[in-house]
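Next, two complexes with chain A in common: one pairs it with chain B, the other with chain C.
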Partner chain A sequence: MSKPKFVYVTYIAAPPEKVWEALTKADISEKYWFGYRVTADGKVGDHMTAYSPTGMQAHDDPILESDPPRRLVYDWKPLYKDMDGERPSRVSFELEPFKDQTKLTVVHDEFDEDSKIFGLISKGWPAVLSSLKSFLETGRGLQASWDDEAQKRAAAEA
Partner chain B sequence: MDLVFKALADASRRDLLDRLQAENGQTLSELCERLAMTRQAVSKHLGILEEANLVATVKRGREKLHYLNPVPIHEIGERWIGKFERSRLQALGDLKKALEAGDES
Partner chain C sequence: MFDESKFKPKTVYVTYIASTPEKVWQALTDPTFTREYFSGFAVEAEPTAGGTFRLRAPNGNVHIEGEVVDWSPPRRFACTWTVVGMPDFRDLPPCLVTYDIEQAGESVRLTMTESHDWDIPKAILSGGEAGWPAILSSLKSLLETGKPLKIAMAPPTEMLAAVKALKA
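After this line comes the complex of A and B, so read on.
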């Protein structure tokens, strides 16, 4: 077992079921995931899909584990042209009740050597997770302070 | 947020976070290397950082690995830094880094 590259933890004042729903339903994700429509409510073997606000498909990755509302694992390989040759990396979400909150742990690992994905996501998750927390606790996601690089990239691909 | 500021208000703890940023996923023993602190002191500092959620841990076998968790720091940034200020602040930060790089030797 290799050592995880990134481990992110956030505590959200909402039950695990709500957090799970927000992570897997596109109608909710677009309200905090900076306009991205992310669907991951399928079974193992189904795919996690993500579409950018402009409708470009950014992900079509197999779901590797799904145990609602506790654990979700999928491959992570953006459909950007310059990442074509990369081995998929892997994201896992662990949801644990903690007092009246949910402890959400996101582990991202299994990167290729010199991975371009690696550089892209290291700024992305803290923004997504902060926005998720804000959305579930206050009803509002954060503004798209989203990594400018991701936006430029999306624009260039469109 | 009080816990975050309290945890950050100590040079040794900021140093530990710097070490994790340089190399994420270290054990207590690895973090103790080359530090002028006792193992107990490092362990106590890590506990305070973990309580503030600035450090996240995962178990791998018998080892406990420590990770810098930037999410609370991101939340502080979100609270006081507006969307349109970000790129200008980034440019200023880069300039400061570039100018100060010459002083490091």
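After this line comes the complex of A and C, so read on.
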């Protein structure tokens, strides 16, 4: 069995600088990332942090590469109790200018073979990245239903 | 009756759109919409299972031809595809393209699934892998902003080479 790898590409009518900002600044992420405050504007060795809408810390992961506004890589280990057993996976963002738009490629890999987190992120990224695109093109993120697991978790936190 | 079960999903793309299922259905099946976001191609679909499906290039030539397999507005549209507009591609087995449209909160979840009934080489799949994100990103922009994206794409060279190699 090969190791799970998630790849998602989206094209956004905004320059790479704007996409970079949205991926790294909490004040912007909370407008499209379903209320999550995600900070990832540090240097290599600094941490990506994410807080849920109820203020629970969801991530505290090292930034592995940062080349604004081209490439961002960080570890991914949700700080949820039921996910404790899995080692950190890895998220890479590649931003390429395409006319005056951005081609954004997200690769999420380095999972354990039987990863539970892989199933969750495979549903989560299309929703988050669709909402990011909507936010940058229209000024409004989506109210899309989060995947069921995350909804249950949000309900449990509240 | 067309047997979908022989086809295995190879490429899946999910996007969420701030729209209604009816509008997403229209964007997939109405040529005035597809011309805007699908490289100028005009869809022609007979509104019934077993009907003819075509994508016509801007110069009027039929580029893709197939059969409507499922016509269930506004939830599911499926059709077979044969690329008849490119000589080396005409003899490839048809693929199955399925669009599932679901309400998801206040948005619509659109799932495109490209399936094949043969052991298709990875290199040939690269055409769809590169093309679907661009086409469906542009469809989403069109429905949300009224403006499609600027996308001009050539088929990947590795795909062209792989199809040629099949014939050799």
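One rule holds for everything that comes next: the second predicted complex is superposed on the first by the 148 of 158 C-alpha atoms of A that agree within 3 Å, B and C clash if a C-alpha of one lies under 4 Å from a C-alpha of the other, contacts with A are read in each partner's own complex, and residues count from 1 in each chain.
Operating definition for what follows: a residue touches a chain if its C-beta (ideal position, glycine included) is under 8 Å from a C-beta of that chain, and two chains touch if they have at least 3 such contacts.
Predicted model only: the values in this text are computed from it and were never measured.
J.: What does the overlay on chain A give for chain B and chain C, a clash or a fit?
T.: Once chain A is superposed (C-alpha atoms), there is a clash between chain B and chain C.
J.: Examine A:Thr138 and indicate which partner it touches, taking first as chain B and second as chain C; both and neither are also allowed.
T.: second
J.: So, does A:Lys5 touch the first partner chain B, the second partner chain C, both, or neither?
T.: First partner only.
J.: Applying the document's definition of touch, where does A:Glu17 land relative to chain B and chain C: first, second, both, or neither?
T.: In the superposition, A:Glu17 touches no partner, neither chain B nor chain C.
J.: Quick check on the superposed pair: does A:Asp60 touch chain B, chain C, both, or neither? Answer first, second, both or neither.
T.: It touches nothing on chain B or chain C.
J.: Quick check for you: in the superposed arrangement, does A:Glu96 touch first (chain B), second (chain C), both or neither?
T.: neither
J.: Please write out, lowest number first, the residues of chain A touched by both chain B and chain C across the two complexes.
T.: After superposing on chain A, chain A residues 8-11, 126-127, 130, 133-134, 142-145 contact both chain B and chain C.
J.: What residues of chain A sit close enough to touch chain C in their complex?
T.: Result: residues 8-13, 99-101, 126-127, 130-131, 133-134, 137-138, 140, 142-145 of chain A touch chain C.
J.: Please name which positions on chain C make contact with chain A in the complex.
T.: Residues 14-18, 104-107, 109, 133-134, 137-138, 140-141, 144-145, 147, 149-151 of chain C touch chain A in their complex.
J.: Residues of chain A touching chain B in their complex?
T.: 1, 3-11, 105, 107, 125-127, 129-130, 133-134, 142-145, 148
J.: Quick check on the complex: what are the chain B residues that touch chain A?
T.: For this pair, the touching residues of chain B are 24-25, 53, 56-58, 60, 65, 67, 69-71, 73-75, 78, 81-83, 86-87.
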